[in-house]
Amino acid sequence: MPEREIRALQERVYRANMALRELGLVVATFGNVSGIHRPSGTVAIKPSGVVYDELSPESMVLVDLDNRVVEGTLNPSSDTRTHVRLYARFPEIGGIVHTHSKYATAWAQARRALPCFGTTHADIFYGEVPCTAVMRDEQISRDYEEETAVQILETFERWDYRSTPGVLVACHGPFTWGNTPAQAVYHSQVLEYVAEMALASLLLTPELGGIKKSLLDKHYLRKHGADAYYGQKSPGAGRDEPG
Amino acid sequence: MPEREIRALQERVYRANMALRELGLVVATFGNVSGIHRPSGTVAIKPSGVVYDELSPESMVLVDLDNRVVEGTLNPSSDTRTHVRLYARFPEIGGIVHTHSKYATAWAQARRALPCFGTTHADIFYGEVPCTAVMRDEQISRDYEEETAVQILETFERWDYRSTPGVLVACHGPFTWGNTPAQAVYHSQVLEYVAEMALASLLLTPELGGIKKSLLDKHYLRKHGADAYYGQKSPGAGRDEPG
Amino acid sequence: MPEREIRALQERVYRANMALRELGLVVATFGNVSGIHRPSGTVAIKPSGVVYDELSPESMVLVDLDNRVVEGTLNPSSDTRTHVRLYARFPEIGGIVHTHSKYATAWAQARRALPCFGTTHADIFYGEVPCTAVMRDEQISRDYEEETAVQILETFERWDYRSTPGVLVACHGPFTWGNTPAQAVYHSQVLEYVAEMALASLLLTPELGGIKKSLLDKHYLRKHGADAYYGQKSPGAGRDEPG
Amino acid sequence: MPEREIRALQERVYRANMALRELGLVVATFGNVSGIHRPSGTVAIKPSGVVYDELSPESMVLVDLDNRVVEGTLNPSSDTRTHVRLYARFPEIGGIVHTHSKYATAWAQARRALPCFGTTHADIFYGEVPCTAVMRDEQISRDYEEETAVQILETFERWDYRSTPGVLVACHGPFTWGNTPAQAVYHSQVLEYVAEMALASLLLTPELGGIKKSLLDKHYLRKHGADAYYGQKSPGAGRDEPG
């Protein structure tokens, strides 16, 4: 492992974990962020069940893509197997976030996909955010966290993980991902925000449908792809990731 | 351009943008404030997609009424064409705000006009706040931000922009305006507040109708027009704008 | 007017106004607190439309029971006539608060009395908090703020203002009162809190009725009257007023 | 009483009471935490109706298991008899919390048990959190706080207090307990959080049922019992209690 790059990864993952709390996306210790160093296949992830005030960059546990701890004395997050499996199957992502944020979790508990009701949503997620099936009993009796990844991956056989950087795991809560840990946090923040607005929208218009394809295309492609024109071209000012 | 007045405008627009965030009306970078210097036709507006902590008065981009950047190295807000078009058609306004604030956006997503259910609303908005039609496909394929202004202006053929200083753009979110950037922010703040209360009121009484004309007149005219008696006559204490 | 007592009153009223904002009960300048010095019939009240950061004890306007300003260069709150009229008719109160707090206002806008669904409510309000009738057109065309008091007083012909220290003015918002300005603020705080919980309770059980009389009596009388046993008997620790 | 241990208990109970407020679980003085020193049967509990800013470790009142004050000049919490009775009947607990937190109280007011809709809930509460029956009139006329404990204990004839560390008292609010005062606070925090999410979930899917037994078992037993694997084995990093 290239020492300097790994330390920088731990620092980014630590900061992203702290940002989760500052953004109000976690209660107690229920949430975790990881990041990956692709060349060496090393994942840095929050330790399991440690309070936020005791976290530090060095306490981010390092694991390899076989779920083995390669550095660190603490247990990695209990969700590590889910993260690692997603890294293996989503080659273009650099960070993953799992939270129990209120409204995204409420949709996951209600076992409903989150429709795209407006441009706030369409700017980040290209259409509805899917909800997985409820896990089957034989899956639960196997490796639970591994099977959580299986649930997500089965769902994404019909979705593109690059334009839909998040999912609701039924009865559980959201996972999001992105190019970096910070971008994955940003996607969790927007997901929670649009999940809350979507509930309010439904209370106002119970039969509400998602926005039409032409508007979805316009907004998503305003920020993503070759013809994007939102934001700054200069370095230091990102397109869909603040900071 | 008269240098000193333009710098003062940038300062006011900068402060109004920061106030948006302090008031909890923006998530991430989703929101922008502009102001206009009427004599020279110069608009100062937030740059596109820059995080709030990196904003400064000087970073407020200057554009003319033909949407050309006249000063600044950053791209102006992607919504600039909407702002500029509104300034051209609403001659008495000095500031415009666009947000994705939660409850105003929920009403916009639900594609419903916001009824006037009480005096908090009536103090600022003289009756319901309209919701535009959903944009037609041929509009979306043209200049999207320009057409957002078209949607607003079509709506205001039947409304007075001076007594209804805001609108809900269907599937998108609210725009508000005012004499100054600060007053436009104030109108966004009140719009969000009454949008939240209106949803709660509807949950309590689903068939609720707006307040009657006599009460609306009384409250709106208590604060606006020749016979207004709310607030202070002395300078430094505004009528419907705090600070 | 006894100078020292009046200054102390202004100080208390100023602090109570600032507490309103700290408790999140006001948006912008929408809210006011007054207090009365009974021996001289002098009321201290927030000036109209002044931002909170510019308030001071000295800026609390002094008016007499005929609504005449007896000291101060600022206009008193536009709601002053309502306050003064209530002081005249509710001889045992020392402070009055008016807010547009979110949930209490939502109930007022929905034109519904707030039922007593639990002990949090019953500890302060002895049964439901009534909602006035909507003001009649001939009242609106007269002195609006005076008639707001008339609406409240008509409602309290059938209620005891001492055990129900608050009211919802239809289409408008709540007024509360108490022995002191601070206690009136406390009653506004609890009213807002129980108004929010009551909406959530109704969403869970739409046909929910108020708590039974025996439980209401038990809780209210635990804190009020000769047999109260909640709190401390010693000075400095109040019964139903914190601080 | 062993002096040093009792002082340490008061310190823990004081900190837990302050944490309640920091977590936003109390309005005004409506909430209390106690802790017990099992060897001597001494309970430390918040004094009644004292504002939070005036609390200190020494002001935590000491009572014995017969409800007699053994040290302290302030009255203990009016709910002391409820706490003491629960300590007597739940031998494995070390701390108790009572709050009027918004959403848990809304469920209590709606007189509904809180279903387990997801893993956030299942991690702490092994299935639904029960709601007591409404107190009978003859109970109310007896010792009210004693009878509150009776209501809870009748409910727990059919539940295990160790795997369901909390209850909703009908028309009143939640009580939670734990190994320590801090853990009992943690359980109140999670209860409030899942109560809010459960309401949102029901608004999305009104006919929603609880999660299936296999998933409940998996999540609860991931954190509790001999085969738990969440968190750290090392001291200083708890299993289901942060800090």
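For reference, chains read A, B, C and D in written order, and residue numbers begin at 1 within each chain.
Everything that follows uses one rule, which is that a contact is a pair of C-beta atoms (placed from the backbone, for glycine too) under 8 Å apart; a residue touches a chain by one contact, two chains touch by 3 or more.
Just so it is clear, the model here is predicted, and its values are computed rather than measured.
Of all chains, the one whose mean C-alpha position sits at the greatest distance from that of chain D is B. Counting the residue numbers used at the interface between chain B and chain C, under half appear in both copies, so the two copies meet with largely different residues.
Distance from the chain B centre to the chain D centre is 46 Å, each centre being the mean of its Cα atoms.
Chain geometry summary: the mean Cα position of chain C and that of chain D are 33 Å apart.
Shared interface positions of chain D, i.e. residues touching 2 or more other chains, are given as 202-203. Here the touching chains pair up as A-B, A-D, B-C, C-D. Chain B meets chain A in the complex at residues 27-30, 47-51, 53-54, 73-75, 78, 100, 102-103, 105-112, 134-135, 137, 140-141, 144, 171-173, 199, 202-203. For chain B in complex with chain C, the touching residues are 117-120, 123, 186, 189-190, 193, 196-198, 200-205, 208, 211-212, 214-215, 218, 222, 229-234, 236-240, 242-243.
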